[in-house]
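Before anything else, here's the structure in question.
Chain nomenclature is as follows: A, B, C and D, assigned in order of appearance, with residue numbering initiated at 1 for each chain independently.
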Amino acid sequence: MLEELKREAYEANIALPKHGLINLTFGNASAIDRSKGIFAIKPSGVDYVFLKPDDMVLVDLDGKQVEGKLRPSSDTPTHRRLFLAFESIGGVVHTHSSHATAFAQAGRSIPIFGTTHADYFFGDIPVTRKMTPQEIATAYEWETGNVIVERFTSAKFDPADFPAVLVNRHAPFTWGHNVAKAVEVSIAVECIAHMALMSLQLEPKLPTIEAELLNKHFKRKHGPGAYYGQTGNC
Amino acid sequence: MLEELKREAYEANIALPKHGLINLTFGNASAIDRSKGIFAIKPSGVDYVFLKPDDMVLVDLDGKQVEGKLRPSSDTPTHRRLFLAFESIGGVVHTHSSHATAFAQAGRSIPIFGTTHADYFFGDIPVTRKMTPQEIATAYEWETGNVIVERFTSAKFDPADFPAVLVNRHAPFTWGHNVAKAVEVSIAVECIAHMALMSLQLEPKLPTIEAELLNKHFKRKHGPGAYYGQTGNC
Amino acid sequence: MLEELKREAYEANIALPKHGLINLTFGNASAIDRSKGIFAIKPSGVDYVFLKPDDMVLVDLDGKQVEGKLRPSSDTPTHRRLFLAFESIGGVVHTHSSHATAFAQAGRSIPIFGTTHADYFFGDIPVTRKMTPQEIATAYEWETGNVIVERFTSAKFDPADFPAVLVNRHAPFTWGHNVAKAVEVSIAVECIAHMALMSLQLEPKLPTIEAELLNKHFKRKHGPGAYYGQTGNC
Amino acid sequence: MLEELKREAYEANIALPKHGLINLTFGNASAIDRSKGIFAIKPSGVDYVFLKPDDMVLVDLDGKQVEGKLRPSSDTPTHRRLFLAFESIGGVVHTHSSHATAFAQAGRSIPIFGTTHADYFFGDIPVTRKMTPQEIATAYEWETGNVIVERFTSAKFDPADFPAVLVNRHAPFTWGHNVAKAVEVSIAVECIAHMALMSLQLEPKLPTIEAELLNKHFKRKHGPGAYYGQTGNC
């Protein structure tokens, strides 16, 4: 069932190593069918080289595996938490891409220093608080989703304005209206992190981008006045 | 019309990801036919993988689209401004190449530290001032061209001596007597930026290159006494 | 004899340049048949491009070459020392991968800053003490093995919990239950080293990962409670 | 004439971009036939993609072009100077490889921090003094060779112990008993420079390698007691 959804999830998963976002088996992508409340996700610990569309595991929003012979990614509860909290998103991607992960490990948000960043995010790419020993000891992957949601709720962030987060000590998660868009955001996050790291080498106290330029760039690509791309809604 | 011009612009555009200068759809190249006052430019937000020569959009120097079904790059007014101000140039390239963009984000020119740099530029690669809220709010992309031109006019820079600029908080623009040369300069800018960043790590107060060595290297490749390459005019 | 073992060692050796872990001929991999007490190792100074399975040299645990026309890697005594001391391992890999070697040259362990690291190691990747002039002057490669073993013995490290080491001033050695796993660990070490270097740029005094998160990540992939991957024993 | 020599020089030249040592047309390799006193060198400013063995230009040790329709590399006098001074070498390579050039631009030798470096060099990779305005104004490329030779003569360096140099503000030159070996050294220099830069980030005051380890590693690959590789004389 849901062959098209599984294919989308599959294509997103294999795009990750192709774009240099994945080392070994660190990473996974999922795509949801909102009408059915079911998402397709990568099986756990399978090499990308051997992955097939049919290996994708189908899971519903209660966390029940509804199809698939393989065990789903161990990060499945994090994906599920995000699909439940962020109702407008259609796909989630998790990578350990090197530069973004360096910020996550350091517990630092990625500061918004230029228009490349502003084309995708309406501010710094946020980092979560550290997880508590109790959160880690119990339903760890579900709680990982919870600290992400907490970060967005407390700051009143719209997930469409901030389509990525860094989990403290861990790595980035991204999302989009579909999983292909979430892959694109993952590429952007890695590239932005690399640039930010170098800008910080040049100017350790570099202030973030001016509000007027941030507004201009984000809005020319997003929302009702958008004029970038062919549809005005890239 | 202008099939050859469109092909040149197309070749330049697809050369950008091939040389690792482009992430996602960040970047564009244009080529002008001076006799007709028309330039060919990449359409907005189209993936490089799917680009065809016929997708190139033709625009005249008044900014009127004269051919093409797709919308031209949102950066088209910046290209047009440069073609109007710098009359000797035949092509313009814009990238967000990572190392050069790191300097642009930090509002720093790329200091001239060695002969690699001196083979292409007669001094530091300049950075513009920041744009004002008013410039950003109105004709943003046209005003981006204006701050570039202002930077060159105020410093009395010849665009042939300085075939690139960093737009503050944004990224590099390059040019050349034709668009293939502008691509070559984009490659050089990225490479020079990378080297400069590392030289600064080694020596944070490194002075720029000695005048006599700058003169020698720039002049052996450019101008009447040039003796590099097969034509003396590389 | 031992065609399968030689093929395994061969596959591991050619995987090293494929994953960007090797420059020139710096590196080697070996696989052991524990029942026979014989291991297969790369011949010394042979270009990876020309390597064939039959070039692998067979050596026993007393250091006697039991098959092969070529001379074994000059690092053979280090491999032998590790096979003797760490009885559970089936393969050893040595590279000079750039980021990990930068730590080794600086005499620094790779600090454990995030979950990528914790998925493979139960703490910092240790570095040996410097070798003494006498150790260097005598059986250098054997003594290289000895300082590794000394590091593990003195700290009571289980080689399964710490499947890699940095030899001071030199480079990393890794191991695993088979040589393919040792290659995987080599990839992980290089990637972890790169991330750690960048995290240190961001936060020079960054503390290492919290104990509870380290435990969680290491244990979800290793040991009796593991639930990552398809077998629970990745 | 000298078809074999031209082919060797050609192979070395096209190996440079293949190994990521060359950006644009920055670089050249030459091979000498000592019995004839003639060397083959890359033509000036020709794209590596279009290079053919027959494009190699033959030049004698007096600097006279003895064959070839194209102009030889503008760096030809530097190569010639090195062939005259260092009588045991059979090939010279010049690149602007990024990490090594960063050291050259900063006027810094590459400090010897580990065994990777010690396998190729018997100490730091030296940097020349800056050239004087007069040296630059007159026979610039010949004088570039002269400052290299001066550096070696004043320090009594054997070119076999130090098969590379950084020209201040410029970039590396390497050499070897043949041009293929000079290419190999160019790869090693770039890799060593990258590692040194990172080790310096970790430990800005890192002392260089201990004398006994330097001796051991250099001597196990070079000279009468060498035991690395298949011939003992790699």
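The criterion applied here is as follows: a contact is a pair of C-beta atoms (placed from the backbone, for glycine too) under 8 Å apart; a residue touches a chain by one contact, two chains touch by 3 or more.
These numbers were taken from a predicted model, which means no experiment stands behind them.
In summary, the pair chain A and chain C forms a contact in which the copies contribute largely different residue numbers, shared numbers making up under half of all those used. Centroid to centroid, with C-alpha atoms defining each point, chain B and chain C lie 46 Å apart.
Work out the mean CA point of chain A and of chain B, and you get 33 Å between them. Those residues of chain B in touch with two or more other chains are numbered 201. Taken pairwise by the contact criterion, the protein chains form one closed cycle in which every chain touches exactly two others.
The full set of touching chain pairs reads A-B, A-C, B-D, C-D.
Across the complex, chain D is touched by residues 113-116, 119, 184, 187-188, 191, 194-196, 198-199, 201-203, 206, 209-210, 212-213, 216, 220, 227-230, 234 of chain B.
By the touch criterion given at the top, residues 23-26, 43-46, 70-71, 74, 96, 98-99, 101-108, 130-131, 133, 136-137, 140, 169-171, 197, 200-201 of chain A touch chain C in their complex.
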